[in-house]
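Per-chain numbering from 1; labels A, B, C and D assigned in written order.
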Amino acid sequence: MPDHPTPHGATAISKARLEFLYDGIFAIAMTILVLELKVPDLQDHRSIGELLGALRHQGSTFFSYGLSLTMLGMFWYRHNRQYGHFRFITRSMLVLQLLQLGFAAFFPFCAALWGRYPTNNLSTLLYIGCIMAHQWCSLAQWAAANRAGAIEGDSVDATYKAIRKRNLVGSIILTAFFAYYLVQVLG
Amino acid sequence: MPDHPTPHGATAISKARLEFLYDGIFAIAMTILVLELKVPDLQDHRSIGELLGALRHQGSTFFSYGLSLTMLGMFWYRHNRQYGHFRFITRSMLVLQLLQLGFAAFFPFCAALWGRYPTNNLSTLLYIGCIMAHQWCSLAQWAAANRAGAIEGDSVDATYKAIRKRNLVGSIILTAFFAYYLVQVLG
Amino acid sequence: MPDHPTPHGATAISKARLEFLYDGIFAIAMTILVLELKVPDLQDHRSIGELLGALRHQGSTFFSYGLSLTMLGMFWYRHNRQYGHFRFITRSMLVLQLLQLGFAAFFPFCAALWGRYPTNNLSTLLYIGCIMAHQWCSLAQWAAANRAGAIEGDSVDATYKAIRKRNLVGSIILTAFFAYYLVQVLG
Amino acid sequence: MPDHPTPHGATAISKARLEFLYDGIFAIAMTILVLELKVPDLQDHRSIGELLGALRHQGSTFFSYGLSLTMLGMFWYRHNRQYGHFRFITRSMLVLQLLQLGFAAFFPFCAALWGRYPTNNLSTLLYIGCIMAHQWCSLAQWAAANRAGAIEGDSVDATYKAIRKRNLVGSIILTAFFAYYLVQVLG
C-alpha cells in the first residue's frame, strides 16, 4: 500500500465547506417538506369537526412527512459520524458526495408524491429508490475514502470493515425492498 | 457520581455542526413563514382602499406571522444560551435535539393554520402544542445533559437547578394552556 | 465612562452564531425572492413572441426582483462591515438584531407586493417602510454597541461619529420618502 | 508592481462569511429547484400507468432539474477551488461575487422556464445566458484578484495564466452558444 499524504493548500477541497453545504441542504430539505402540508379551506372557520376531517384527509401526507423528517435526521446523524472519520476529501469522494446531495435534494418530491399516493407502487418505488441511492452513495464514499487512505485512526482496517458490514446490511435490505416494488411496477 | 470524561475523536458528535443544523433550520423556518402571506388580487391596481381591505382580510395571518417570528427568535436565543452551557453532546441529547428540530420545522404549518383559523380551537391547540413540545424537548435536553455531566461551569448543580426551575415554569404554563384547549376540542 | 469588560463564557451571546443566523436568513430571503417570478402558461410552446409578451407582462415584478436583490446584497455588505467593528454582542444589541432580521424576513413579501402593484402608493409605502425600519435597527444597534463599549479599535469615538453620520443621512432620506408616501396614502 | 499587503481588522471583508453566504445561496437554490416538480393529480390513486404517464409528461422538467442540479454542483466545486486561491477579498471582488450570486439566485427561475418550454429558443437563451453571466463573473473575479495581489502561492503568474486560459475557453464556448440562440430569437 502506498503512502497517503494529506492534500494541502489550494489543491485541497475544503471539508468544512462541504459539510456546510451538506448541512445547509439538509436543513432546507427538512424544512421545505412542510410546504407539502396544505392549510385546508373550511366552510365554517370555527368547526373543529370540519378541520379534523380535512387534516385526516391528508393523513398519509402527515405520515410521509413524519417518516421523511426522521429519515433525513438519521441520514444527517450518520453523515456526521462518517465525516468524523475522514481526514480529507478527494475528488472522487466529492463527486459521490454531490451525487448523494442530489438525491437528498430530490427527496422532498418523493416524500410529497408518496404522501399523496401511498398505495401506488410506483410512488413507493421512487421513495425507496431515493433512500437506497442515498445509502449506496454513502457506502461508495466509504470505499473511496478507504482506497485514498482518508480514514482516520489507528486501526483503520478493522474500523472500515465494521462500518462496511453495517452499511452493507442496510443497503441490501433497501435494495431487496426496491427490487420487490420494481417487480410489482414492471409486472 | 461517576467521572464524566469528554468524548473525543471520531466518536464525538460535532457540536458545531449540530448548532449549524439548528441555526439553518431556524433561519429557513423564520423566512418561509412569509410564504403564507399572499399578494392579493386587485381589480384596480392603484386603489389604496382595495389593497388595504385585502391586507386587513389577512389580518390574523399577519398577527400569527409576527407572533411566530417572535417565538422563533426567542427559541433561538434560548438555544444559544443553552448550548453555551454544554461541553459536549451525547447520543440521547442528539435524539432530543433532532426531535425538537422536527417540531421547529413543523411550526410554519401550525402558524399558517392558526393564522387562517384563529377562532378554531383545534388550530389553537396545534399551535400551542407545537410550542409546548418544543419546550419540553428543551427541558429534557437539560436533564440529559445534567445526567451525562455535559454542563460546563464551577457550580453545575446550582446552575442546573436555576435553569430547570425557570424552564419548568414555562413548560407548565404552556401545558396548562394546552390542556385547556384540549378540553375545548374534546368536549 | 465605566470600564467595559468583554463578556465571556456561558453568559456571552455567540457572535458567530448570530452572524450565521443573519447570513442564513439573507441567503434564504435572496433566494426565495425568485419564487415570485412565475413561469407563464403558453398556448404555443415554441412561440418566442408569446413568451416575451408574458415575461414583459411581469416586467415590474422583474424590476422589483432585481432591485430587492441589490438592496439585500447592500444590507449584507453593510452588516459585514458593522459586525467587523463589534467586539461582543449585548442583550439589547441582540434584540435589535432579531428585530432587524424580522424586517429582512418580511422583505420578500413587500418585494412581491410592490412588484405586482408598483403604482399603488400603499405597496410603495410598505416597501420603503420595510427598508427604513431595517436601516433604523442598524443605527440603533450602532448606538447600543457604543453605549456598551462593544466597538473595537483605537479611535472609537471618531469611528462611531463617522459611521453615525453616514447612517443618519441614509435613514433620514428613507424616512423622508416614507413620510411622502404616508401623506399620499392618508390623504 | 506595487506591494500588496493583506487588509486586516475591521476594514477587511470576512472571507468566511462571504463563502458562507455563497454556500447558503447554493444550498437553497439546489433545494428549491425541486419545487418546480409537481405532484400530479391522479384519477385512480393506485394506477401505475397513470402516474408514469403524468411523470413522463413532466419529462423535460425532470431533465432540466437533473442538469441544473449538476450545473450548480459544478459551480460550487469551482468556487471552492477558486476561493482556496484567494488570500483576501477586495471591494471589487465582493461586488463581482454579489453579482454572481444574483445570477445563481435567478437560476431556479431559468431552470423552471426551460424545463417547461425546452423547445422555445427564448427560454433556452435565458438558461444559457444565466450560466454564461455566472461564468464571466467568475473570470472577472480572477482578474480582480490578480490585480489586487489576492492570489496565494509561489508561482502566482503561472497559476493565474493557467486558470485564466481554462476559464476563458469555457466562457467563450458558452458565449458562442448564447450568440447562436440570440440570433435565433432576434431573427
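In this text, contacts are C-beta pairs under 8 Å (C-beta built on N, C-alpha and C of every residue); 3 or more make two chains touch, one makes a residue touch a chain.
Just so we're clear, the structure is a prediction, and the values are computed from it rather than from any experiment.
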item	value
From chain B, the most remote chain by mean C-alpha position	D
Homomeric contact chain A-chain B: same or different residue positions, threshold half	different
Rotation angle superposing chain C onto its copy chain D by C-alpha atoms, nearest 5 degrees	90
Distance between the centres, which are taken as Cα means, of chain D and chain A, whole angstrom	24
Sequence positions of chain A contacting 2 or more other chains	20, 24, 27-28, 32, 35
Residues of chain B that touch chain C when the two form their complex	19-20, 23-24, 26-28, 30-35, 37, 39, 42, 45-48, 51-52, 65-66, 69-70, 73, 76-77, 80-81, 84-85, 152-153
Residue numbers on chain D that touch chain C, as the complex places them	9-14, 17-18, 20-21, 24-25, 27-29, 32, 35-36, 94, 98, 101-102, 105-106, 108-109, 112-113, 116-117, 119-123, 185
